[in-house]
Each structure stands twice: as structure tokens, then as C-alpha cells.
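Both complexes shown next keep subunit A, but they swap its partner, so subunit B is in the first and subunit C is in the second.
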Partner chain A sequence: MIDPYYLQQLAIGLSLGMTYALMAIGFTLIFGVLNVVNFAHGEIYTLGAFAGLVLISAAAPPAVAVIFAALAIGALAGFSLERLAFKPFRRFTDEASLKSRAMRESTLLSSLAVSIVVREGLEIGFGSQMQSIPFAYLINTPVRVGPVILVTGDFIIFGVAAAMLVGLQYLLTRTRTGLAIRAVSNNPLGAKYVGIDTDRTIIVTFVVGSMMGAAAGILTGLYYGAVFPAMGFIPGIKAFVAMVMGGLSSIPGAVICALILGIAESMATTFVSSGWSDMVAYGFLIVTLIFFPNGLFGARRERV
Partner chain B sequence: MTMRLFGLLAAASVGLSGTAFADTVKLGYQLPLTGETAQYGQDFRKAADIALAEFNKSGKPFTVEILFEDSRSDAKEGTTIARKFVDNKEIVGVLGDFTSGVSMAAAQVYKDAGMPQLSQTASHPDYTKISKYQFRNIATQAQEGPYNAKWMLSKGYKNIAIIAEQTDWGQSVGAGFTDTVKAGGGTIVFSEFFNRGLKDYRSLISKIERAKPDAIYTGFFYEDGAQFLKQVQQLGIKTPVYSTSAAYSPKLLELAGDAAEGVHLTSNFLPTDPSADVQHFVTEWKAKSDGAVPGQFPAQAYDAVRIMLAAVEKAYPNPTREKVRDALAETKDFPGVTGKTTFGPDREAQKELVKVEVKGGAFVPVAD
Partner chain C sequence: MTHLLEINRVSRRFGGVLAVNDVSGHVDEGELIGLIGPNGAGKTTLFNLISGFTPLSGGTVTFAGATVNGLKPNQVARLGISRTFQNLRVFPNMSVFDNVSVGAAGMRPQGVLGALFGGLTPGGSARADEISRRTWDALDAVGLTHLAGELAANLPYGQRKYLEIARALAMQPRFLILDEPAAGLNDTETRALADFIKRLHGRGLTIMLVEHDMTLVMGICQRIMVLASGRKIADGTPDTIRRDPAVLEAYLGVDA
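Moving on, here comes the complex of A and B:
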């Protein structure tokens, strides 16, 4: 018989990992699969949460409408983000620029700049304190499963994350859009030469990835009942670690690693002070980079 | 000879006019206006604006200007601001910072420059020990810890768990409390620090419960507190939770809802206090914040600013940093919204604490 304490910790770890996975899916699609350095995903997540919050306080609609509002804002934010921080760097179409790593990696700073502007803008508009959400919208009603206690949000987040994962895998491997995304990520110049509309492909990826980011933001916001301008930072780091551990380009890999991360954090709390539990994520990142430079699931060359 | 006399006269008249028209005294206020603790700094600025506007309207022979600088709750920023304030010869006193860590880092600069510093919230015991220039307008954990320990022991709780945030202040929450519990025959069955801003406390809560405490003593601010209390409720745990005055904020009730029910904590400011001074502040505050009620921290900031202004007034005319410091040190029975403030020789404000329990969605003062 296993001590129910460990079962409870395992359940907490899984649900923690699930919230990381939710964030990691959209993040990995843009950063890993499309191979575009994007550090503004955390703010897309925050924007999604704020969009939902504004709608809730303005119109008190059903929860499903809130999610759709977040998705719409996410799509819009993804499109604008691409336009502002990424498109300007693609205006040189000569071969040297297209092959230049510096050109590609300069979006690190432009996306970071957008993220700072968005975060500070939200702080000016809403203040940096935690916003309160009407309790009726929160998805944290306790549910007892055998010896462990979960909340309704755990099941919702599990369902949404699974649907996102399956949907994206289908999109990437079975559709022409997915094929185009993979082609652009593999070789932007080659993709252009064979007639793929690279601009359109990149925009589509940003819109899809950002919709997922925004949905993650509102769901996590309702799950914890905590929406504030800096909320995207820590999940962004956890998603980054999960993506790198999973081998950058593998979405299932990132999801599995997000779950490993969550379980490891909650289990580590048993043995070390919880103040050290963040060390687990960074520890995993370092170990992965040293011993598995391709990530745990990134051995294959194909970028899916 | 005539030229020389004329020169002297000119110099004297410049000197005279210098004092005659120097009717604006400058103070500095370092506080987090952006970053993760900006909500506190924004509140302090609002409180300071109320206090300052009242002072400048009251027909004093001079007006006061406060320069606000954003420290982001970052010790490096804090010391940079401190140097900037010290270099500005017009500034005669400084308020802030918010956290003990940043206040103490900046205090090193103020100590060397001889600049009086009054923090509304820095409650780490070592802060006022830095030099004779550091003052504070808050009960320290050295005062509050033993008070809460006796309160919990008197309720019959013997096995107590402590959790506090991993900061200078959080450390002092544990330290001030533990000794009194042990001296009173109690046992600390669990003690741990968490990172500020942690979202998921469930692992930690399960771990606390495994130690089977009679009650949990917590050192957190309202956001962390609200998350913690909500998750305690989620996990179906009924162990009583006690906390410090740092968690005393209407936002705690707003964010945690009925999960905050039954929490015990201490405070030195009650917005429901019928005294005219308190009600005046509450009204002014509500007018500036969409009807929201002020918590304890803004009240402390409001008093701190007024104590500083009173000291400047006492040091006037020609206030210098040294004169303001001495005037601050002489502060006796200053009637504030957080009770009467007197600075002892240790530059600590002795505050009267009130026991409060959350009942029916409100902070209610209780006898024991």
C-alpha cells in the first residue's frame, strides 16, 4: 500500500505539470517547430487571461464565451506580434540575409521588447496587483478521487491540453499547412524556392500558437484565480525548460517533459524546502543541455 | 573700500533672498512603482499624495515637494536611488523603501551620508540597527512574533507549523515567533520558507499536514496569503491559520473569498475605527481608489509621511538633514491613523496591536 501522501503529491505534480504543458504546447509550436526565437509568448498568455477577465467583469457571459474571447484576442495578439517584432526582419530577401543566424536571432530582442511593452502597458492600465475574478468562474471546486483530492480545473486542463496536442500533431503531420510549417522551419530559403508562401505560413503558425497561449493563460487564471501582469513570466520559463528538455521541436516531447517537471517539483518539495523547488527546473535544464544536447525526445532529425 | 562693502552687501542680500524664497523643502521617497511589488508602491504614493496635499494646503510658511523614485523592489536599484537622493543637496529626508531587503541596502548609503530615512514597512529587526538615521513606522516581527506566539499558546495550540516567505522579512517572522513558542512550552513541528509569488502551495500544504500541527503560523503578504488559503480550503484542511499584520489587507478577503474565513491575524490599523482622523483618511482614500478601503500598509505610509512632514516643520527654517533627523528622533505621541507613534532611543515605533479574525467576509477585532 502506497502512502496516500505520495499519491496526493503525485496528483499535485501531475496537475502542476499539466498547467506547464498547456503553456508549453503553443510555445513549442512557434519557438521549436517553426524555429523562430520568440520570448513574447508569456505576454500572449497574460493577454489571454486579461481578455477573459475584462469580458467577465463587463458582461458576465458563460465560461465558454470567455474562452472564445481569449482565443480571439490570442489570434489577434499573435498576428500583431508577428507584424511588429518579426516581419521587419524578413524584409531582406537576399540569400545572405535569409541564411544569416544573426537575422534570425535578432527577434530575441524585438520579441523581448514587445513583451516588456505589453507587460508595462498592462501594469499602467490595470495596476500590478492581482485582479480578483468572480468566484463562480473559478475552476477549482475540489473533487475527491479515491485517496487524493483534485479540482475540476485539473480535468478541464487535461482535456484542453490533450485536444491541443492531438490537434496540433494532426495539423503538422497530415495537412498541407503543417507540411508548409515544417518546410519553412527546415529551410526557409528552400521553402520559398519551391513556392511556399513563407510569410503566410509564419503568420498562421503565430496565430495558432498564440491562440493556444491565450487559452492557457485564461485557463490557468481561472484555475488559480490569479490574474496579474507578471503572470506569464514563470510559466514561460517552465515552458522553455520543457521545450528544451523535449528536444526543441517535439511537441509530445515538451508535454511529457512538462509533466516530468511538475511531478519532480512536487516530489522534491517532500525532500527539500519548497524554496528550492524552482531549482529542479533549472537543474533539469542544465543536465539536459550537458548530457542530452538534442533533448530527451529530439534524436530524430525531422522537426515535428 | 566702497567696492568691497558693496560686494559684501550684495553677497549678504543674495544670502538673505536665498533663505527668504527657499520656501520649498524637498523629500525623497523610494518605493516600487513597477515590477512585481508595484501595487504596494502605488498605494504608498497615493497615501503620500493625500498627506502632502493636506500639508501644503494648511497654510504653512513653506511647502514640501516629494520626489518619487521607482526601486522595483530591487536592492541594486534601491542603492542607486539612495546615491541620487544623497547627491541632491536639496533633499533633507527620505521615505521608503518597501521591503526590508531594499531598505537595508539603501540604508548603507544613507548611513554614510547622514540622511534620515523613515520606512513605512521595513520590519526586519536589523534595519534600525544600521545607524542613527534609520527610523520605521511599523511594528517589527520582534514585537509581533512573541505577541502572536502568546496568542496561539493561549488558545491551547502546542504543535505549531511555521511557513514564511524566503526574504529578510520572512526570516524574521520565524525567528521572532519560535523562541516565545518554545519558552511557552510549545513545539515547532514544521518550519519552511517558500519563494514569494509561488502559485501552487498544494505540495507544501500536504507536507505541513503530514507534520500534524495544531495550527499554522504564516508570514506572507496578501497575494501569497490568498493563494495559500484557497488551496488549504481546496485540500479540505481545517487546521487554523494565523498570520501577521502584513496579510491585513481588504484584498486578502477579495481574492480568497470564503477561504479566508476564520483566519486570525494582528493589525495596528482598523478602517472601521470611528475616530475622525481615521475616517478622514478612509474617505480621502476611497475617493482616490474607486471606493476601495485602505489596508494597513497605506495607512502606515500615510502616517510615515505625516511624521516626516512634522519633523521637517520642526526643523524649519533652514532644515538640514541633521536637524530633520533630530526632529524625527524627538517624535512623541504623534497621533496617526495607526495609533500614537513615539520613537524610542532605538528609533523603533512601538505600535499597539489589535487581534483580528475574519468573520463573515470582514476583519473583526476579537478579544482573544
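Moving on, here comes the complex of A and C:
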């Protein structure tokens, strides 16, 4: 008989891993179409959480509306981010310039700049302290499942994230938009010549990825009851690690690695203080880079 | 009568080099036309000017009455000009079927919201059926139906060429440009390709063949344009081209 404690940590790890997975998908989608890392992705997460907080304090709507508000702000933020930090550096003249180093480096810096401006802007507006989410919105009512005690948030996070993953899979494999996203990430120039508007496709990719990041932000905010301007940094790094472990542009890979990461962290708190649990992700990153430079699943998996 | 494609005094300058210098020409509906020239003659550049890849430095290109200059490649594609690439640009990590259905889906311009939700609206299933039918038709035309579920990356080189042609056909183009389709093929494969191109042409498609392989071009094209050093030096039937002194000089470097 397994100690119920481990089952509980496993369940908590799964819901934690799901929030990493939502974040990692945003990274992975954008890396897929542009070959660049979006350093402002953590701030999208933060913006999602703040959008929820602002709506709660202004109107006290039902919780579902809070999540939809976060999704809407995420979509808007993704759109603006692409226009501000990525579009100006893109020159669609040939294959080389499309995924060139110069573009990678300039967008790396421009997205980092956006991330700093957003974080500092939120600090000016809200202060750098933690803002509490009103008690009525917290999703931490205990739920007893057999010998294990979980909270409602574990189920809600798992459920919402799973629904979004299924939705994403539907979008990518069953719709023309998904076909366009996959085509652009496979070969942007080929896609252009088959009539795909690459610019639009890239915007859509940012919008979809950012909606998932923002959802992760608000869900985590409601789960822990705290929202603060720097909250996106650590999850951003965890999601980045999951993307690298998953092979950079494989969505299934990123999701599986995000879950592994969440569970490993949650289990690790059994043995080390929770302050050290972040080391798990960094340890995974180092091991991956040394032993599996193509990611745990290699480069053979189907990309985005 | 007006021509399907009209190239009117087009030029393209790269820095100090005139890659295409004041070239004019036309393609009529239903023609199978060859574009040849020695290395560096400007074939690829001319081709890129037609397909919207490279902006013109001068001149105009019109297709079926519409001006092509200034359009982006995806807009040119929607006009009905479809192309394949010398160095293949299939989507390696997508299935053969999905590769072709990207062409069949005929990505119309749609807003961001349309792109997000357009594929999800009811009534889209008739479109989906249409896309799937066109995809199967195109796969059938190139004989890749049995490999529909395979990842494109797993296909051998020769089949990837046909896959790219299928993708172009699925767009139901009015004008198909093939960029050195015979490159890297052996004699048997080249002969099979020639038959295939003739079959496509027989179905009423207008085709331009940009080629190095003289026997292929001479064997199947009705008319041939010859470029050398960025200029058009000859335009005529294979027989006249074969005897044209300027062409012989450009290719063989002799005074004929």
C-alpha cells in the first residue's frame, strides 16, 4: 500500500505540472513558427493573473468570468507583443533572414525589454507586494478522495488545462488555422507560396500561446491566493525547461516534460525544503542539455 | 488576344548587378513553355519576380489581367500562380495528406479572429469535404495515394518532388511553374517526369518549366525562352532554338 501522502503529492504535482504545460505550450508554439524564444511569456502569465484580480476587485463577477477575462487579456497581450517586439524585426525576404540569428538575437532582446517594462509598469501601478485574492474566489476548499486530501483547485486546474490541451489539439489538427500554423513552423517560405499569410498565422500563434499562458497565471493566482508583478518569472523558467526537455518544438514533448517537472518538484518537497524545489527544474535542465541535447524524445517526434 | 501572363520589360538589380535586364515575354493559356539558360542567366530571378518573391526594379508583370508587381507570394499564389522549388520546400514533419491539404485549403485572407474561429464554425464541413476531395485528387494525380499517411520526411527524394507538385496542384492553379524538377533525377526518372508533365499539360494546365536538362525541355516544351546574362536572347520553338546562333554561343561559348 502506497502511503497516501505520496498520492497526494502526485496529484498536486499533476496540477502544478499542468500550469507549466500551459506555459510551455506558448513557448513551444512560438518557437515552432519563428525559431525564437519569447522572453515576455512570463509576463503574459502575470498579466493574466492581474486581469483576473482587477476584474474581481472591480465587479466581483462569477469565477468563470474571471477566467474568460484572463483569456481575453492574454489574447490582447499576445497580439500586442507580436506587433511590438517581433514584427518590426522580421524581414520575409528569404529563408536565411526568416530564421536568422540576427532576428533571433534582436527579438530575444526586444521581448526581454517588453517583459521588463510590463513588470515595472505593474509595480508602479500595483506595488511590488503580493495582492491577495478575495477569499470567496480561492479554489482551495479541501476535497477528500479516499485517503487523500486535495483541494478543489487541483481538479479545476487539471480540468481547465486538459480542456485547453484538447482544444489546442483540435485547433492544430482539425482546422485550417492549425494546418497553417503547422505549415509555417515546418517551412515558412513553402507555406507562403501555398498561399498562407504567414504574418497572420504568426499573430494567431502568439494569441493562442498567450491565452494559454494567461490561463495558467490566473489559475495559479486563484490557487495560491496571491498575485504579484514578478510572479511570472519562475513559472516562465520552468516552462522554458519543459520546452527544452521536450525537444524545443514538440508540443506533446513539452506537455509530458512539464508534467514530469511538476510531479518531480512536488515529490522533492518530501525530502528537501520547499525553497529548494526549484533546483529540480534547473537540475533537469542541466542533465537534459548534457545528455539529451535533442530533448528527451529526440528530434524525431512530430513537431508543432 | 491577351496573354495569360505578360512580362513587360522587367528588370531586377542586386547592388550593381543587373540579374534580369529588360526582359519581356508572355505565356498563353494552355502552353507548355520552357525557360532555359546557362548558370547565372537570371532564370531563377525571373521566376522569383513572377511569383512575387523578389520585388521588381522596373517593368510590369500581369497575370490574367491583374497586376502582379507588389503582391506578396501568398497573394500571387491566390491569383492562381503556383510553383515548386528546386530545393524542395515540403513540410517534413507533416503527413503527405496534410502537406497537400495545405494547398487544397486555399488559405483565403481572413482576419485574426476569422483565423481563430473560422475553422470552428458550423457549415465548415462542406468546405472540409471539398478540401479533402481536392487533396485526394491531387495525390491521385501524382500517384501518392497509398502514402497519404506517411510523414513527408520519410519519403525518398523523388517522391518528395511529386509531393510538392501535388501540393501545388491541390491549389488548382491556372499556371504552374516547375523549378528544375529534373535536378537530381536519373534518366529513367526524368523520362517518367516528362510523361507526367505532358499528362498534366494534357489536362489543360498552363505550365512553365525552368530547367537545366536540355533534353527534357526540348522533348516536351512547345516554346522555349532562353536567358543569358540577364537578357532574353531567344524565344521560339525547340527547333529554332536548337539552331539559334545566340543560344549556341551562350551555351557552348563558340561563334556559330
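The definition used in the following text is that the second predicted complex is superposed on the first by the 283 of 304 C-alpha atoms of A that agree within 3 Å, B and C clash if a C-alpha of one lies under 4 Å from a C-alpha of the other, contacts with A are read in each partner's own complex, and residues count from 1 in each chain.
In the analysis below, a residue touches a chain if its C-beta (ideal position, glycine included) is under 8 Å from a C-beta of that chain, and two chains touch if they have at least 3 such contacts.
What you see is a predicted model; the values in this text were computed from it and never measured.
Visitor: Looking at the combined model built on subunit A, do subunit B and subunit C fit side by side or clash?
Guide: With subunit A as the common anchor, subunit B and subunit C both fit in the superposed model.
Visitor: On the A-aligned overlay, A:174 touches which partner chain: subunit B = first, subunit C = second, or both, or neither?
Guide: It touches subunit C, and subunit B stays clear.
Visitor: Touch test for A:207: subunit B only (first), subunit C only (second), both, or neither?
Guide: second
Visitor: State whether A:5 touches subunit B only (first), subunit C only (second), both chains, or neither.
Guide: first
Visitor: Check whether A:194 is in contact with subunit B, with subunit C, with both or with neither, and answer first, second, both or neither.
Guide: A:194: touches subunit C, not subunit B.
Visitor: Once the shared chain is lined up, is A:56 touching subunit B (first), subunit C (second), both, or neither of them?
Guide: Neither: A:56 stays clear of subunit B and subunit C.
Visitor: Is A:79 touching the first partner subunit B, the second partner subunit C, both, or neither of them?
Guide: Once the two structures are laid over each other on A, A:79 reaches subunit C alone.
Visitor: Can you report the least C-alpha distance between subunit B and subunit C in the superposed arrangement, rounded to whole Å?
Guide: 34
Visitor: For subunit A, which residues lie in the overlap of the subunit B contacts and the subunit C contacts?
Guide: none
Visitor: Quick one: which bits of subunit C touch subunit A in the complex? Just the residue numbers, please.
Guide: These residues of subunit C touch subunit A: 51, 53, 72-74, 77-78, 82-83, 85, 89-94, 98, 101-103, 105-107, 109-112, 115-116, 118-120, 131, 151, 167-168, 171.
Visitor: Please name which positions on subunit B make contact with subunit A in the complex.
Guide: 34-39, 42, 166, 192-195, 197-200, 202-204, 206-207, 210, 223, 226-227, 230, 234-236, 251, 254-255, 257
Visitor: Flag every residue of subunit A that touches subunit C in the complex, lowest number first.
Guide: 79, 92, 171, 174-180, 182-183, 186-187, 189-198, 200-201, 203-204, 207-208, 302-303
Visitor: What does subunit A use to touch subunit B in their complex?
Guide: 5, 8-9, 12-13, 16, 120, 123, 127-130, 132, 135, 140, 142, 149, 151, 224-226, 228, 230, 234, 265-266, 269-270, 273-275, 277-278
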